[in-house]
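Order of writing sets the chain letters: A, B, C and D. Residues in each chain are counted from 1.
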């Protein structure tokens, strides 16, 4: 299963083409809608007020409610766009954004309106694709969940099991510990009031993957496969598996996960520092990773930058509607990327 | 340019096949030899005493000193192997190693001797491939360097420029600040004396990449491409670009890199939190990232594990020769992976 | 540049997603429309009377008339569908069609109406993609053309040069020799009157490709690249380059193309038996090949087959609208496939 | 499973790297040797007198007689080389060969001696890879066989079943009808005596493939997958499935293969014009195709050509040892390519 996201924020439509979908999957469209609602903007005070129906229309690949096995294309029409917000500053490269490298890469021909193909809005079709992937995985006993693990230094508790993670997913602000969630929201609110934004991180786990998937080799190892999907999510700047960066502070005697036979005759580990992967291959424990997301680059404060049309220094004062923190809405996006990665790892 | 590493630690030979090599590159074999010597074991007290000649023989793809453009295969014969060290414990899955997942993945048919295809020794052909890649990049003004950024909590200073990085590379213990290096070596020595091992991290930079390489799309974004090469290096568990995990503690006003026109008419950034990449595309600043490496899983202390032949609990007491810390010897390996990734990004 | 065709004949829409399109190409939409009209049905007495507007809507990847460099998705709504024609015989596998293998491949879940994803109608988005590719190629001096080379044993003359090929393309029945074209049309008409269909072949040439593209290696050789695109066109059963199957009747002294220096200092060949390719690499002569297309499998005569629902023998009497020969309308489709292959070969 | 052939005819060695090999396959090395002997030169009067031991050394991926599942590299040392034969004419592009396009493609850096990477000798590692593939296929009931179907206009009878094909494979001159074989050999002998060469064709069949493999889509269709492997064999210029080019002479009522239920409850076809593939998907009938091979370009007659060093017209008189017809020795090569293609189609 491979996906291709297409579309620009203010073009006619955005969407996704999914190839390699197994035939005969009865898609639960309501469930897909719920997943997309988790990402949708305009719902609360920590996200952009832009309203989007985000109702995907499936053009192909589904017949009588089931996947046909041929390419599935779904499109989402663009509605509430206010391109005027962008025209005034279109030549000013927004710091932290891809404006300048995209200007070089695409010879100045990319659609600048609303971030064009770089817009966070493009994560909507990704969530669609991930929702399809999740339904396929669920049939094989594999489940994917995530929660906000930190925002601007406020940390959620570490994930314990599927049930608590599942419960967090249903919250409007997906954390395990709601008290920490309140502190995170306060940090976001304060940043917005100060015309600023904040970064954070998301912890994600894939439960139910069998041992023996992946390989140590380039292009086949489990961490490499997951990381490619995760870094394709805008704003992700770091990916860490298991104990992650804390491995640099550890000794082997701490980091090694001792093995034992469980009552059912399966090999299990007493702890999961490896995050479910050894030598690029799944070991049957939950596959756990954390991604770090940069603060939203779009902030209302004046910023030094360059005018790409005149090639001279300039000061940017940004208008438009922006999330002061992308992390909360990114939780289902990271789950989507993980679900698609898990499908590749399972040979789906 | 694509690489395939082959071989097992105690088989006849290990090696690499490189396809897509540009034709007409005059290879500096001495320089390749120096790169390989940086990784070679048996040189000092913090690495395994196993001696290897590590002299690669080029079987194809080079004619009259220049690359032909056809696949280049180089092999390194395996010499000083002591398989007996491994036979005694071959059924005991080493915690932290891939023994158990590999047992499932390969149906018990993988070569267990010396770690087989999972051995750190397989990084020798990777360094060879990276050395070829570096020579190709150098012709285009692109240079790759790395240093140990931390071991067991002792941190080197952050990298400043190419010259200091280049100087570090030539040291037997590649750090910028030798005093910190001494502390790191002490930490390694102490771990070894306590039959243990330690983890650490490596910071790497690619200088000279032009702006405009990559794309935000899956499979094409710069971070995704680099991460796939980096996670294919054994023991790497986290990859972070620019400010990396620190982004989660930052505000947008700190994290955004203000832009300006330099004297030569180029767009530059005043800082490089982005690590040279915005929206998956290079921005012309140095591409900077850090990888975290887990502590060597092979430690002499007794460890709880399972016997895969009898499927019962067991205690493992490991023999054999092992690095108490893989980080120092991994510096040229990370550079190699980065050089190969940079080639892919440049369309080489 | 990669394409993905999606859609089913009687679903909401069909379309294509193109990735890797160079940025900044000013698309001539009228020219694209002309290409699509060459393939469109319902125009004359040798094609199905189904009417299709076939007006592609570009959803993404084009901004202010130019390609953005991000994925380009174009969709064509399905209009004049008469699914009732198919329901009656939906369980009867049509001989010569993919009904039975698709039934196995997709577990009976593929959309059977109008051939579903197997419909010749799916070549419309392919022609769209090819028209984009042709415009990109034209900017580099590369032109693609084709003509009907034979139908049911009646052969057109062999192609001479670009001008005559270009002239043929504009004809409603694209042959070089109109007298032969008349005979071919007579053969088609007679087949239709006898409730039958006929096969034929198409000769195609790519002019202007530079020497030195491709490689002898798997996945990189020019013939392999072209053949993969060509066999993805429905009904193509044979692909032959240059002298093609006649090589089996030749001696080396006839088949070798003698070389000489032309007045401009270029290496040229006195004849082009190689079809512009030696050892998998273009040699600067026109790249010439012929594809053979099977007779339309949908014929009105009673045919022996099996009922896939009851798994028993049956007799099929087909209704619906079918071309008695797909060759004439396939000419622009083969050109499209060749144009996309040429782009891959040129690294576009 | 993917293969990469490396090596040059007069370099240190040639070989192949195979990735994705299933673990646990007990390789029959004698059987591999027999396959390689079928291709080896120097055995008779219709092939080059060059002697090669062609004994492959397996460097990796096999442990205790079984595949490990990690990359398998096998090398064949180059022995009886006479580079002097080539030095004299190294700047004269041999007509029909890739000399000129390779000169452009590789900037004059390719190894010209003995054809370098373009040498027919490079089919030896391909036969090795195919022999491994055949053993994997045999475990799943899939068998591959081929015979010479024509040489210089003399045609063998059409293949009937596996047994006769198997019998042909064991002959020194692999034809079904030995009388025809005699005529073919006479044609070859006469061509050699006249310092010329002849072309021909090979018919190949894969028995035992299940229905339902492949897809109509680009990159996934059965014909496209096979053709990519087949055109990677030197000298192949045409690939035709089932009735092949004869489809252009047929009506649908002849070309459609009527279906019926056989006694075992399986869907079968009464004839096999489709060559086992409909709509890019296997239908359970034998997959049958024919390839056309051009006459050996190396002939002793004087030929007009250009001198690539001086860029002027020249006359070439070739020395060296060459097969007057590559077809007989190519039979196991085509089988190897087909076996590797069948593995890809089966998801191996």
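Observations, loosely collected:
The criterion applied here is as follows: contacts are C-beta pairs under 8 Å (C-beta built on N, C-alpha and C of every residue); 3 or more make two chains touch, one makes a residue touch a chain.
It should be emphasised that the depicted structure is a prediction, and the values quoted were computed from it without experimental measurement.
Summarising the inter-chain layout, the chain whose CA centre lies farthest from the centre of subunit D is A.
C-beta contact counts were set side by side for A-D and A-C; A-C has more. Centre-to-centre separation of subunit A and subunit B, using mean CA positions: 27 Å. Our note on geometry: subunit A versus subunit C, Cα centroid distance of 39 Å, whole angstroms.
If you average the CA atoms of subunit A and of subunit D, the two centres end up 47 Å from each other.
Among the residues of subunit C, those touching two or more other chains are numbered 4-5, 19, 69-71, 105, 117, 215, 217.
Subunit B meets subunit C in the complex at residues 19, 70-71, 215, 217, 347.
Those residues of subunit C whose C-beta lies close enough to touch subunit A in the complex are 4-8, 11-15, 17, 19, 23-24, 57-61, 63, 66-73, 75, 105-111, 116-117. Note for the complex: subunit C touches subunit D at residues 3-5, 93, 95-102, 104-105, 117-118, 122, 150-153, 191, 196-201, 210-219, 221, 223-224, 227-229, 231-232, 234, 236-245, 247-261, 265, 267, 269-270, 273-275, 277-284, 292-299, 301, 303-306, 308, 311-313.
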